[in-house]
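By written order: A, B, C and D. Residues from 1 in each chain.
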Amino acid sequence: MEKWDSNEGTSAFHVPEWMQIQFADQKQEFNKRPTKIGRRSLSRSISQSSTDSYSSAASYTDSSDDETSPRDKQQKNSKGSSDFCVKNIKQAEFGRREIEIAEQEMPALMALRKRAQGEKPLAGAKIVGCTHITAQTAVLMETLGALGAQCRWAACNIYSTLNEVAAALAESGFPVFAWKGESEDDFWWCIDRCVNVEGWQPNMILDDGGDLTHWIYKKYPNMFKKIKGIVEESVTGVHRLYQLSKAGKLCVPAMNVNDSVTKQKFDNLYCCRESILDGLKRTTDMMFGGKQVVVCGYGEVGKGCCAALKAMGSIVYVTEIDPICALQACMDGFRLVKLNEVIRQVDIVITCTGNKNVVTREHLDRMKNSCIVCNMGHSNTEIDVASLRTPELTWERVRSQVDHVIWPDGKRIVLLAEGRLLNLSCSTVPTFVLSITATTQALALIELYNAPEGRYKQDVYLLPKKMDEYVASLHLPTFDAHLTELTDEQAKYLGLNKNGPFKPNYYRY
Amino acid sequence: MEKWDSNEGTSAFHVPEWMQIQFADQKQEFNKRPTKIGRRSLSRSISQSSTDSYSSAASYTDSSDDETSPRDKQQKNSKGSSDFCVKNIKQAEFGRREIEIAEQEMPALMALRKRAQGEKPLAGAKIVGCTHITAQTAVLMETLGALGAQCRWAACNIYSTLNEVAAALAESGFPVFAWKGESEDDFWWCIDRCVNVEGWQPNMILDDGGDLTHWIYKKYPNMFKKIKGIVEESVTGVHRLYQLSKAGKLCVPAMNVNDSVTKQKFDNLYCCRESILDGLKRTTDMMFGGKQVVVCGYGEVGKGCCAALKAMGSIVYVTEIDPICALQACMDGFRLVKLNEVIRQVDIVITCTGNKNVVTREHLDRMKNSCIVCNMGHSNTEIDVASLRTPELTWERVRSQVDHVIWPDGKRIVLLAEGRLLNLSCSTVPTFVLSITATTQALALIELYNAPEGRYKQDVYLLPKKMDEYVASLHLPTFDAHLTELTDEQAKYLGLNKNGPFKPNYYRY
Amino acid sequence: MEKWDSNEGTSAFHVPEWMQIQFADQKQEFNKRPTKIGRRSLSRSISQSSTDSYSSAASYTDSSDDETSPRDKQQKNSKGSSDFCVKNIKQAEFGRREIEIAEQEMPALMALRKRAQGEKPLAGAKIVGCTHITAQTAVLMETLGALGAQCRWAACNIYSTLNEVAAALAESGFPVFAWKGESEDDFWWCIDRCVNVEGWQPNMILDDGGDLTHWIYKKYPNMFKKIKGIVEESVTGVHRLYQLSKAGKLCVPAMNVNDSVTKQKFDNLYCCRESILDGLKRTTDMMFGGKQVVVCGYGEVGKGCCAALKAMGSIVYVTEIDPICALQACMDGFRLVKLNEVIRQVDIVITCTGNKNVVTREHLDRMKNSCIVCNMGHSNTEIDVASLRTPELTWERVRSQVDHVIWPDGKRIVLLAEGRLLNLSCSTVPTFVLSITATTQALALIELYNAPEGRYKQDVYLLPKKMDEYVASLHLPTFDAHLTELTDEQAKYLGLNKNGPFKPNYYRY
Amino acid sequence: MEKWDSNEGTSAFHVPEWMQIQFADQKQEFNKRPTKIGRRSLSRSISQSSTDSYSSAASYTDSSDDETSPRDKQQKNSKGSSDFCVKNIKQAEFGRREIEIAEQEMPALMALRKRAQGEKPLAGAKIVGCTHITAQTAVLMETLGALGAQCRWAACNIYSTLNEVAAALAESGFPVFAWKGESEDDFWWCIDRCVNVEGWQPNMILDDGGDLTHWIYKKYPNMFKKIKGIVEESVTGVHRLYQLSKAGKLCVPAMNVNDSVTKQKFDNLYCCRESILDGLKRTTDMMFGGKQVVVCGYGEVGKGCCAALKAMGSIVYVTEIDPICALQACMDGFRLVKLNEVIRQVDIVITCTGNKNVVTREHLDRMKNSCIVCNMGHSNTEIDVASLRTPELTWERVRSQVDHVIWPDGKRIVLLAEGRLLNLSCSTVPTFVLSITATTQALALIELYNAPEGRYKQDVYLLPKKMDEYVASLHLPTFDAHLTELTDEQAKYLGLNKNGPFKPNYYRY
């Protein structure tokens, strides 16, 4: 992982791109529960959404009114083990069915399992994990198991655990410590039960948000001596790792899988291209044709939103601070404006900047009647929603996730999801996107675990390009896509290995 | 991809991306004139094309039948100087008009001149340049002059000099040594006259192809002691610099401006999106609607070609070797196939891979009657044109740049530009694209010349992102595009300087 | 309304285009309730959908467990009138609010009201209407009132009445006879109460489905002597009128507003372009990018579906029986295939033909696992759903409107809305589309009522182009669109009246 | 639109749609040669363009300096016939090769020939034709021959005849009377030689512009007794036929093939979608990305232009007078403006209205420097070019078809083709489009010739839909497109004949 030779020397380290890209609702959460659920990534919100989604939701058996804390229960799985703590081990069968459905939609992980029938790339790995516990995560965990790893797992969010899935995992022998509706104390207790076990010392960490890593740093710093690496999935967790690294305190290699090419393109460009339409339709039933829309920010998310709306017949304006992205917007056929220039005339305002107060009260005051305002960008900071909580404005909840804010003269602004992420609040994340994330995590674990001494130092790394390419290649069969292979002569001509990597690190895709 | 590890950390340097991207016809040229004109970049071809283009061509006064070599002539400009060598100083007035027209279309450089009225960022700079000598280059040179630099200039191609422009530059005091139709000996003589002057020692190099740099290395290695840096524009020249660097022989900082974001996007994605249509129409007058097309390669060039043809109603198939680009093709709505799967059915085959023998004789044998074959990728290697030079096939030149290759059974293949680059052979490069290139060069010179001691080592650098952003910002007024500025509060929140750079180096745009 | 000179003479009258376009679920309904609710148009389904939509639904007060039949109740409005029959006159206030919200989204009707402040184009008109009774219809009725008409109204569907809206209309003096959940006897009783009133003889009919017209034909044929015309909105009703006309039994002019240009484009092309995406997302949360889709039929509905899916990155195949539409599909960039050629490979099958058994059991047997099958075309005939009701197949309802049909080998087909119209079952119809329909109805009434003697014979007419243009012009302000006016000189040059109509009747738009 | 009625039923005949659609440069021509070449259609310009195109041009042998008038020459073909008059019968071989190349690109006519091997639908037909004489026309004529017809032919334009093709036709026995550069007297002499022959009385007319028809009306009115019908191709000729019909003077059936669906879509939407880009590129080498464009008129031509430019990244504004087309523009994502609103900011102005003085001097005065102005619509009336011929403006011809008009302050407007049709002046018409036209003509002749007594009266007819569908179906194999056939059950359900026609006449496609 060479250095990015250039002007890094002269510019201070600044908040990296992933802070600008979407997902993490941390700010918002901090206000509510400052200590631990405050720093969460995409996956938390995803899993919340996914409880409403396709394969499951309605049929879930969660209406148990069993109020006993799982910590106070004595449960055993059918093989007699009690090394787990879940809501109700009897829900295992239902959870198993959910996992089986998810398996069908995650062919890449299933392909990994098949390839691992011969060699076990994770043989000897002892992975402690802290992620959302959903059917998709279960497919990941059981894949890690099939690849040779032993795993212990806690939830990275106190609400997102699907109890049935946790039960199914426990039943099939995974020490899982998680249930829906943990208290803060429960949360740390579960993590501790994963880490602090007699006769079992983890050598790999899979984290989502950084809480697990933080706990080990704080309580068991010596444990890092045997740990070969950390794989971190979330924006927030990655940010914390970079801070550790800058402070010289990172004592093992860490892999930032959030910024891998494949994951980024799917989380942002491809996913948002669809979810902007979905989110707007589900909340407002509006027609896109002929509508005037301003999209603030032309990063991957903005690009996806603009392309989709343009294709549906909307007239799209773009605002940008970065002249390169601005020039891209021009070449893609969008008028580049300042927000003030169009705020009086647009029908929809969409923020995708990662910035704060992009839409201010002053903008809101100038919008026309019925203007729709929503956020696809980052957390809930982009629209200054707080500024709308003033006495002269009336809020009217007209539908789930839809508020009318009414001005004294009768003007109504339609605010979606109270300024939180539209795509996570009002649409769903396709399993295909989750599959890419989970495969990326699995490969990062394999890479770090098998890397020869010295390949990785005590630093934060991006996923090696070859692994990134491998994630992509595992998803091609879904599209019946046929990759061309280089001939020997061509590989030599290009100076490439026939199996990749095929691009230099600075390639932009 | 069978092994469970990646070779990225340890991988040997491989042929970089720019070999895969288009432009340099070097291979082809090597065969013809192995010594020096063999290694040329985009600009040569561009300038050739541009002689056919909009502002000029027809009216050029070049039909002089003066056969005397410029080296044997005694010429003086109106101020009495004879420190130049051009075809005919009397053509200066005509050349000046050409330069003035070009100035109108290169607002970014003109803006730079204006900004330089106060400070002269190149005061003291002594730049020796070796590029194509066209009206656009003249605007660049006179801009460098306005910024405070002294310049001496030679041509990087024996054919591409516009004599009138060279005369105009000489008339206004630039020591220019170049004319159309130099011999090989002339070529090196001109370069030497730029470098080897009493009382003038260059401290900056602007090169296009690496010949100037090579000459100084060979003849005047000590000169590098005073040289602050090299700016190199071409694929080939950059390749040579990386080789020098790898060999530990690069003794000054060098800047690879070929791979700057803005330049790449315009040279490849945006320019090719338009030129694929233009090149096909001008050569074949075909209708795009309903045509089946296979595009080999889904890099920036392939993406541009696919988007344009899809928009015009063609049905587009894509071939790829890189699974990440392949997945992008899928998500963008293209069937990913192997060439063999569709070769019998397609109406058009377009190569954009940077590879060799992508289209083989076997493929050509299987194409259907009237299939059009052309290359947008790299040099003339992608289509195995040589394999068509066999006795049983008849070649019929039906139009400039269009050959029918006729099989014994009467089947005709329509081969464009004999497999050379379609966009350079059969369409033109808009001045806007040349403006971006020239501005990038100017800013790279300013950066290297003004960089504090130690910022740049003896290595090859990409253009600093801030400069890249600046190039973009200078071109925004063309589109009446209005950039948004960060507030202090926002800049602080994002951890950014209000003036940029706005993205981390690994940002992919 | 000139004759369409051409081959009409030689071709027998065939089922017109509107049978091919979507909407009417009549076949399906016939099976359930053969007598009267069997012949319904778009609006019925629309209104059903709209009860789930934006402005209302959740807050409706409909949970009244009052089981008394409205026919048995004595109700008076605040002005003392009891010439109506609704569920509960006390719900009027709530209904009024719904109507006010709808008014905001139907600017065209509101503009008509304004223009009518001077002259009353419907002064003297006595309109008997039979349509769905929704907030949008109420805006239409009150507009007709503002234009000078007296109205009496019944529901065209036993389920679709919004009781609160009916109450509000009754409260403001409209004799409305309708409630949700009428019996068949109630249905005809309500219609009769509109028609058969002492001292009130209708002179205009506004029908949706033809039941009202049918009732008058059967019971009060003499009434037609004073009736100036019928305006019919639905596919089914129009079909019945053409049959009457062919049989020589149509005794007043009738206007087919279903086939007006503006209405057709919005009901089909523009509306379906959006609702195909919406319907698929809401039911399956699928990702469109890279999916292979076959769309059966390339009429307006098919064109809308194809354009939307292509824009979202799907690979779209088209089947067609009509060579002209087929050639359009080619030129628009879609592979034209027979269903059998692609049925094994596609991820989604969408029918938009208006035909029956387009997707047969044989096709269904050959689809791949997880293939999604849905209908955007006509009724529920296009997919042979009945063929799936065999013992070896298992049906699993996984979600509202989503069934998995499971083959003995485990293959699952995802069937949406049991083959009924996806856009009506699983998405919503924007108010903007309903506004166009209602405005078209109002203008058709005005035209027929004011037409000079002899302009219209006892035949079925399309809406005059000028009226069609007027509907469009009333909706332009929504988009802040500015129409250009012809100068006198230009109008003369073109031989046009400055106010239109602007196109000959055969113009295709 | 203030009155509450429509004038459609009663409206006087107004200038039909085809006056609004493009092509005919008649106005312009009238000024030059008022008598006969003044009324010409697309084909003339097409054939002019086609001399520059793909298959031919450069190699033509036309540089003969033989100044003898063909009328004064004695020529015989190899079979001894002298019933023709062409420039030089010896050029026949070259012309034959041109015809053979055209045959390859006109598969529909070749398919017609094959089908005619059994029956000869034109057996006994004696067709007198007056069209442009090009390789494509020759393929049509020889197809008519193969179908059983005898033909005599003259040119409809004094300049457009390709002498070699005329020679080849004469050599193979077609009595052709035409050469390039006829005088006006020659023109009528040639026509007369086709009509006025002993022992040969035409029974069918194929006309392009109406001159042949006019001549027979004037000179040999009795001839119409035996004539079964007229097929007219051009806008102008059709207009003259409608005038005859209105005046009650049309004494045989006539078929307007100009307005058939297939021909219209290809001449306008599909062809212009491509030629707008082609015409702009060839003349200006401009980049489309980011450019602001205003397109005046949103008919088929405007729709094509807008779609293409939007796809290439331009920002497109639309002006319209017709509210329906205006609403379509809105729904397709274009801002609908008045020209004045955007005239100061746009980079390109394109007229597609069919109107006159759409762009006035006042508009031109307000355009910004370097604005490009061109016409895709109708004749040369749309841009008031005459207003630019004033002393204070300087015209500078910078390239073929490109003028700079320079204002006193130095502002330059780039005027293309002096306001004539860009697509005919500066790009070419693909053979595929010509193939559709020629096939339409052949089928119209077959229909009229074979129609049973009484099917056609003395009126102007559109091509029967079934024939229109047949033209389309003959072109589907080019795209390897596979049409679906109705089952008997489906045909019955739809009330359709399995072989079409598939749509009612008012269907809009």
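Just so we're on the same page, contacts are C-beta pairs under 8 Å (C-beta built on N, C-alpha and C of every residue); 3 or more make two chains touch, one makes a residue touch a chain.
Note that this is a predicted model, so its numbers are computed, not measured.
Q: So using the touch definition from the top, which pair is joined by more C-beta contacts, B-C or C-D?
A: Counting C-beta pairs in contact for B-C and C-D gives the edge to C-D.
Q: So which chain is the furthest away from subunit B, centre to centre on CA atoms?
A: Chain C.
Q: Please report how many Å separate the Cα centroid of subunit B from that of subunit D, as a whole number.
A: 42
Q: Counting only Cα atoms for the centres, state how far subunit C is from subunit D in Å.
A: Each chain reduced to its C-alpha mean, subunit C and subunit D end up 40 Å apart.
Q: From the C-alpha centre of subunit B to that of subunit C, how far is it in Å?
A: Chain centres of subunit B and subunit C, defined by C-alpha means, are spaced 58 Å apart.
Q: Residue numbers in subunit A touching 2 or more other chains?
A: Expected reply: 270, 289-290, 312-313, 330-331, 335, 479, 481.
Q: Tell me, which parts of subunit C touch subunit B in their complex?
A: The contact residues of subunit C facing subunit B are 289-290, 310, 312-315, 330-335.
Q: So in the complex, the part of subunit D that touches subunit C is made up of which residues?
A: These residues of subunit D touch subunit C: 1-2, 4-11, 14-17, 19-20, 259, 261-262, 264-265, 270, 319-331, 335-339, 341, 354-358, 381, 455, 459-466, 468-470, 472-473, 475-476, 479, 481-487, 489-490, 493-497, 500-509.
Q: Residue numbers of subunit A touching subunit C in their complex, please.
A: For subunit A paired with subunit C, touching residues are 53-55, 57-58, 104, 270-271, 273-274, 277-278, 281-282, 284-292, 307-308, 311-313, 345, 370, 398-399, 402, 427-428, 430-433, 478-481.
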